[in-house]
Structure formats: C-alpha cells, structure tokens
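Worksheet for the structure shown next.
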C-alpha cells in the first residue's frame, strides 16, 4: 500500500504502534490506554514507553492483575461513551477475559436490539518464536475470528501498525488487534503522508502467478522469504496478507484462487478448526473448480510449544516448509 | 452400533448419562462428580438427580460459583490420582474456566516431558433451541477441538450417552464431553449387553449413496430427519455422526467422500473457523478430486442467538436447509 | 418522608409483584418462554435502591431483573412485550426476560452470566469519573456471585480507583440450590468489602424504608467522592429459582417463615396502622396496578414479530455512536 | 534448633543464590533463553517453607521457581539442563526456566500464568483429603496474584472445604512494575484471608528462622486438620523482574535499602556472631556450593537435545497412570 512517490521514514513496528496510540490520544480525549504495566513499566513490550509522562495516570492507566475486570471495565467505559484501548499483555492471558469479550462486548449490540454500542479496542500480543514455552506461545486469532460481533485485525506491516488503530478507534464496535511479538523490532518505511487504513481488506504483498501463499500477522515475513526463495527457483508466488480475520476478505481470497489456482495457507496457529481451516473451507465451498491442486496448509505442529529452540523451530511454520508445499502444488 | 439381536430397554439420554455416572462411581472409588448444583439441586438438567443420596456430599460435590477454581481443582485432583468428573453447567460458563482447561489441563503432560497425566473428564451442556438467548446458547465445541492435549466427544445417541463416559474415565488424558441440551429428553433403545465404546471413531448412522451429511451432537436428529425427507424425494443420503471432534476421524470422513462424492456439513456452531471448517478443509486437502460438487456447510447464522422463537429457529440449522443444500449438490 | 412518598413505595412494590405473578401465568400459557426468574419477595430491594437514584445514574442488573426494570421506570408494556419476544419489546424481542435494556434510562440490563455485570459497572463508573459526570452506578448481583473471581476483581478495582459504584448484593440465601453456607467459607458478606477497604452495611431487605435509608446515605457518600460502597440486602426469594426448579434443596417451612416477612404485606400493614393508607386506598391501588399490568399484556399481545430478514441487523453497528 | 540445622539453612540459601547468579551469566552467554525470573533476595522464603515440608507434601510454584525446585531437593544438574533446553532436564527441555517439574518430589511446577497454580493446589489438597493421605500442599504466588479472580475463588474453596493447603504469598512489593499500592485497595494482605475465615500471619521473609518457625507451625496446624492457612512472606526481589526489565518503576535507593536486609548475609553474620559459623566454614561452604553449581553446568553442557522426531510425544499419554 506504500506508494513509491511519497517521502518515507524508517521506524520500527513498536514505534509505529506507539505513535498511533499517542496520536489518537492527542486527537480525541475520550481515548485512553489501560492494561497491566502500560504505565510505569512502559509496557511489557515497551510499546507505551513514555506515554505515562505525556498523558498522566488517568489516561495511561496501570491495572492490577485482573484481566476479566479491566477488560470488562473497558467495555463499560466504551458503553458510557469513552474510547478505551485495553491492552491485554498477551493472548495467553486473554483466556481470563474471554467471558467479558465474548459474552458482553460481542453480544450487547445485537442482544439490546441495537441500543448499546461497544466501541472498545483490545490490543494483545500473540505468537511464539522466543522460547517462552507452552503457556506463553499461543496463537488464538482463529478463536476470536469465530465470534460474531467482534472485528479481528492483524497488522503485519509498519503502515498497518501505524494506521489500523485510528480506524479501529473510529469503529463503533469491538475491534481486537493482534500484534505478533516477533514483529515489534521489525523496521520499515512509513510514508510521511499516511492516513487511516481500512480494517477489512486483504492486500497482495507480492504479486505472483504460479501459486498463492495466504497468510497474516507474524507469518507474513516468513512467507515473503519463502516467496523469494521460490522466485529463485523459478516459481512465481503471490503473497496475500489477510490483514483482517473477521471479516475475512473472501473476495480477495477468491480472486487469488482465480489468478493462481494453487493455494498454500500459512498460519502460526494450530491447524484443526483454526483460521487456516476457514480459508480452505471457503475456497472448497465457493471456488473448488478453480483449483488445479489440493489446498495445502502450513501451520504449527499440534503440540504445546516446547521451550528448546530446535524443538520450537520444528513446531513452527518455517519458510522451507512453505517452499516445499508450494513446489509440491506446482509440481516442480 | 446397536446390534439388532441383543435385548434392549428404552431410556432417555438423561437417564443414560446418570446411569453412566452412577455405574462409574460404583466401580471406581477414585471417581467423583463436582460442579454447581450437582448435589442438592439434582443438577441443572437433572442428570445427577438422586446421586447425592446414594454417594454423599464428598463424591457428589456441590461447588460455589467459581468455574475457574473448581475446574482447576478437578485438574489438581486428577494430577493427584483421582478420576474427577467436573460438570460445568453449560459451555457458556466454561469461558470462565478456559485458562485452567487450556493452560493447565491440556499442557501439563507435554510441558512436563510426560511426567504429569491429567485424567479429568469435563462434562458440559451445549447448544441452543430453548429460547435462552445470546448468553446461554453458545456452541463452542470447535474451540475445544482446536486444542492439542484435549479430547473432545459429543455423544448424540443413547448408547454413547451411556457408554462414552466409562471410556473417558479410563483415558489418561483430559476428555471434554459435550451434551446438547436438546438431547436430554430424547428416548432410545439401549442394549442390555452394552459396554464401553471408543472415543475416536465416527459412525455412519444412516447409509446412503448420493450425498453425505456429516454432523455430530445435537444436530444429528435434525440431520436424520433431513435424510428421511431426502429419501422421500428419491435421494439417498448417508449420515455420518462424528462422535469425536478431537481427534477427528478423518479416515471415516474420507471414506464418506469416496462413497458419496458430495458433502454437506451440518454444525450448530458458527461457521467461521468452526469445526465445520476443519471438515471441509481436510477434504479440500486430502480428497478434493473425489468431490463431484462443492462442499456445503449448514451452520448457525453468524449472530448472537435471539430470544424470540421464530428468530432463533431462523438462526439455527433446520432440516429444510439441509435438504435444500443436499438437493443442490445432487442437482435434483 | 411524606405519606405520598410511602404510598408510592408501596405502589412500586405492588406493581412488580402483580406484574410478575402475571408473568408466571403467561409462562404456563407459553406466551413467555426460555428462562423466567421471578423477583417475588425481593421487591423492597429494587424499589428502595433504584428509587433513590437520579436519572443520570446507571443501573446494571442480573437475569432476575424485572423488578429493577420497572423500578427504573421502564414501561411495563415494553418489558412484557420483550418477554413475549415481540419487536416492541425493550430489547426488540431479542433478549427476553434475562436481557432487558433501556439506553434512555441508563439501564444496562439484564446479564445472564453470574458476576458478568460487575466489571461492566466498574467501567461505567470509570467513564463518569473521567468525564467528571456526577453519575453513580448501582450494580445488583446475588450472594452466589460473591464466589466468582469477577466479584473480587471488580471490588478491588472500584475501591483501588475510588470509583462511584454502589455494589448491591441481594442476599436471598440461595444460589439456585446452593445455600450461602455451602458457597462461602465466611458468610458475613460485609467482611468481604472490608478486605477491599470498602465501606459496607447489611440491611434488612424486607423493609423498604430501611433499604431506602441505607441506599440514600450510601449513594450520597458515593456521589460526593466517598468511593464505592457495598450493601448487603438480606432478602429471600419466595418462588423457585426459575420455572424449572423443583426446590428440592429447601423446606416449605423455611419459605413460609420468610413469607411472613413479605415486604409488601409488612409495609401495607404499617401504613394502614399509621393511617397513611386506608383499605379503600389499597383496593384502588390494586385496581390501578391490575389495569397497568393488563394494559402491558395487551400491549405485548398487540405487538409484532421482528421480520426474520432482520436477524443479522445489529451484529455490527449501523450508525456511529456519538 | 541445632547449629548444623542452621548451617544447612544457610547452605540451602547460598545454593540458590549462586545457582541463579550463574544462570544470569549463562543468560548473557545465551545458553539460557526465553524468560528468566530470578529469585535473588527471596531465598529465605523457599528455604524456610519448603524445608519444613515432608516428602509426601506437594509444592506448586510460579515461573520464579528455581529456589523452590532446589529447596525441594531437585538435582541442580537437571534444573540447569532444563534451562539449557536439554533432554536431561527435569522437564525434558520442554519447559525451561518457568516450567520445572518433578513428579517424584510432588513438585507440580512451574506455572507461568499468574494465579494459575492456586486452583491446582486446591485440587491436590482435595485429593489428599478424599484419600485420607496426610499430605499438605504448599502453593507459592506473588502479591500481584492476589488481584486475580483465581486467588479469590481458590481461597474460598480451600477454606469452605477445609482443605490442607498452605497459601504462601511472596510479597516482594512489585508485580513487574506495579507496586502493591497500585494493585490492591487494601494492602494488608492478611485481611484478605480473614474475609475467607482463614487464619493468616505475616512474616519477615528476609529472616529464614522466622519463616521456618511460622511455616512449621502453620504446616502442623494444616496437617492436623486445622484447615488452610495463609502466610504473607514479606520480601523483596533484588534483581529486575526478568532479563528484559529496565526497572523504570523503582529507585536504586529502594533496592539498596532492601539489600541491607539480604537474607543470606543477615543469617551468615548472625551465625558468625553466635559462633555457629567460622570464616573457614563459610569459605568451605562457598567452595562446596561453587562446585555443585559448576557440576550442574557441566551436566547441562553435557546434555543432549531431544530428537525432533519426539516433538509430538506426550501430547497424549503413552501409558495409563495408576
């Protein structure tokens, strides 16, 4: 989406997120950030570092270890007209807040016959790759994508990290933003003239004709590496970044199928009934005759994530597997 | 699985469950039942009615409203050698216990390098259809099926209601049993000579050649009705009851594809990234060329469940839709 | 307090009682379906507390909230229509008995997850505080909810942040079939509040004047920045937990003893004794209430069904809220 | 208590200290990865409490559990190998620093979800109770965990059912960067226990003898059917929360003041003064400990990597447990 003409500057994903939060809070005094250690500690992943000094403890609000209560409080604050950004340190801990997210945030508008809007933004870190072992390495984006009433986005680029949040805060409904821990240090060029981006369209990050690699979030870099390797091997791989998991941009997915006829889905989540399954299923329902090969899914091995590096690497999707899957479909 | 020869007696699904619990408790004094109102109240759905008098409050243990603590306590008791049956009143409330189920029960064996087994059985009621509205009508079986380390079964027949529990209690790992609220009053014939049944194989409940209807749990009766209607219309529909959602009996699913070449998946859960997606995806990966038609999914409409009967009926999968989907695939 | 005010308290309780008695009939007649949880016996609590709130205050209730909705001034017709599942209902027929909502009265429902409303109330109060609005949020929950982790987290958060929340624990001694002493190791609930450094009182929930007095004082303190307050309202549910409950867990005698402390009958006798109420007034009041209930039923009966095509409306917003 | 016992307490604390100092180096050397949470400064707590337990008792700890594992008698080599991710590690290299396990010592880990171990401990105790086994379950958690709903639910359940659980709250005043007064509206943690009618004491967690005395008394009471007990152990973490923590939230001075109460140094001086320890004894002890740590490192270095083919082993059981 970065147009070549405009001047850009190089910043990290973390800085882009911080800029997005700061800018949104400066523009709208209904916006505030709440979560564990977002203030004095500076954020578990240093995203909110420095914001406490700028906005004070009312708007950069440290919470006790009470995931259910502070997420629920964010929902209540949203119902009462504020625009909370609630940071759940990681998706692993969001299990403790799921009742509030699923039974309150996602249901209130419909259940009240359209009376109660819940304009909350919930940010959480997701993913593995840093040897944090089983309880700190979940990727449960697919679970959230299952729930009507929620919107689920997965910024994978610097521009999305910078510009999805403002759009999410304008949205009248609950938006969950998944930030893959492996992306925070990634650097990229951000156009100076950027502005809010949509939350519902997938984007082709690399054009290609022989096979399409469909992915999102933390798996995008790996997938681009794989596409690069495939190019070296004479295979033109398209890379589609879903960006949003709910709603899914089915149109874009089907267009990809129509143009490449071979699909590899790359997802760090577990395979069974995950988001990768939904992508394959929607193709099997709507574009099956477009396929020149079976669909392939490259996902994490279905095991709790081990600590040892070599075992974790074996459990996670790797470029080599993506390349192998693509080559198998293309037949060379 | 009921063989015609053996004598049978007619009982309800609820009675079969109760008999399974009582029998298991009589055979093994490590088995106990714990949950909200399982004792003095007799169980929210009267499954455990009468058991308190028979086994006493130590083994038919009423708990406070503390889903996370009593499920976690069941896990601890299992770690320490007991065989707890923990009843979570409904899947809707299990959101409050998910941290214990996913981050402890499902992970401990692998994470401890094989040292700690968690032989717990967690029973919960699931599903809609009784006008209980959005917060009391979830079907989240697909979520549980996503998690390695768990086994997930969905007894849909009287025999499975009676004989899956003993097998689950013999299992060294956590087993989650989903009981659809709509099934408790259903009656059926139970063979006198029955015995424990497997937890991992799908079963063809009705043979058929033109199209296969793949389903489980509370949707089985509706699906059988649809198959019956289809027969009247000259279409032979096979009905496959998955019985287990984790592991999925992929072999049986592929056999069904090979024999009918047309697949309709019926699932009361939401479609996006649910178990219906996994079934379609595994076919798209492993048997796509066997298909003579696109895969169709008949699931609940992706909305919070409304209270009004006509709206709830419109939101849930109905035999008519199943029939329509099957006819569309068959082309008559 | 003036006689007219007392008569109004009596009328409010009577409205709830007769409304729900009619609901029970309509449930038998299958006009109302799903779960129906009656508040009969506990009316003094909702009337005493909610009557002491201001229009800008917020109310969060449970699945046993008919009394709270009526006490908050919601039209009986819209409430009854909701239980019928009609589009004219206060939640468009989508919520039913457990999910009554009214944005115009800051009535946030209607929550069927035990304890689920508590964090919500903390957030409503946080918003009022951050926007310097004078609102107080009253959240109602049963004594059974006290065992839930969400109670603990919400109490701590409200106290830690000094938020304007009035925690109203309706202690009717049972959570479905579970008696308080089988649910809490420490049954003196006001001690819980103490462990959060939150002020707390226990109140006779069968005496509407006692409830009103305690609630008014507490609300005044909360509104004036005194921080959150916890009220334990001691009451009793005269009916079964829901229409499915065989009540195996308690004796008829226990229920009978409590019925002698019926909040409506106690207050009626008292007003008669004081001369604030005459038998004629009472008969007239019964008449008015009966008419109100019947017109609510008529409104519900005349209501329409939401078109099935609208099933997917409001999963997401159609307009951006201000 | 005999001098030899005191010397052993000192040695146990020193073992943990030197072991972890080595871990910190090995983290810099990238031999250890992931999260590493050091217990340095808090050694008296694990040594005093776990030293008072019996072999049949159970221990549940957190992600900051190296000290507990060593105090429980786990081989330093296996613990170090675990942090290296080697197959010879106590969890086969799958858990790392946060997930140390030892079934043979009823050491149930090693839980990285704050508060997650509390319900587990209740269940372990329930099993011992139902089987009439004499075991006591000691569960360790930080003061930050007190805000979690799981703490509340577990405390109530243990007290309600009179279970043999010893709740050991390691109050080191900070939860990552969140000071206790920003986490709890009521910072006197023993009052929480009172609200569950659970007996509770606060203890100087920098004085190993005080910890041991309190723990022994509490364990005796729990074991003899006195119901669960809550200990608040007042201590301090000398190092950062984890290796990633820049410690922006507290002053160097605060840390320095606490370091003057270093549990090892305090106890060492005391024993020297008592004449129970000589400078030579101390030097010898340092030597023994240094050797033990180095042999643990050697064991870890010599360890092997689990074959990648075994990744899917133990997702489900290979054998049926008895």
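Which chain is which? They are A, B, C and D, in the order written, and residues in each are numbered from 1.
By our rule, a residue touches a chain if its C-beta (ideal position, glycine included) is under 8 Å from a C-beta of that chain, and two chains touch if they have at least 3 such contacts.
Since this is a predicted model, take the numbers as computed values, not measurements.
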Among the remaining chains, which ones contact both chain A and chain B? C, D
Averaging only over C-alpha atoms, locate the centres of chain A and chain C and give their separation in whole Å. 41
As a quick test, compute the distance in whole Å between the mean CA positions of chain B and chain C. 36
Express in whole angstrom the distance between the two chain centres, defined as the mean CA positions of chain C and chain D. 46
Multi-chain contacts only, two chains or more: what residues does chain A have there? 64, 66, 68-69, 92, 96, 99, 103, 110-111, 133-135, 148-149, 302-304, 306
Tell me, which residues of chain D touch at least two other chains? 91, 93-95, 99, 111, 113, 116, 147-150, 153, 156, 160, 182-184, 315
What kind of graph do the touching chains make: line, ring, star, complete, other? complete
Parts of chain B lying in touch with chain C, wherever the complex brings them together: 36-37, 39-42, 44, 62, 64-69, 92-93, 96, 130-136, 301-304, 306-311, 314-315
Which residues of chain C touch chain D once you look at their complex with the stated criterion? 147-153, 156, 159-160, 182-186, 191-192, 194-198
For the chain C and chain A complex, residues of the former touching the latter: 58, 89-95, 99, 101-103, 108-111, 113, 116, 118-128, 130-131, 149-150, 153-154, 156-157, 160, 313-322
Parts of chain D lying in touch with chain A, wherever the complex brings them together: 33-35, 85-86, 91, 93-96, 98-99, 111-116, 144-145, 147-150, 175-179, 182-184, 245-246, 248-249, 305-306, 308, 311-312, 315
Show which residues of chain B lie in contact with chain A when the two form their complex. 68, 92, 95-96, 98-99, 102-103, 106-107, 110-111, 133-135, 138, 142-143, 145-149, 246, 248, 270, 272-281, 283-286, 288-289, 291, 294-297, 302-304, 306
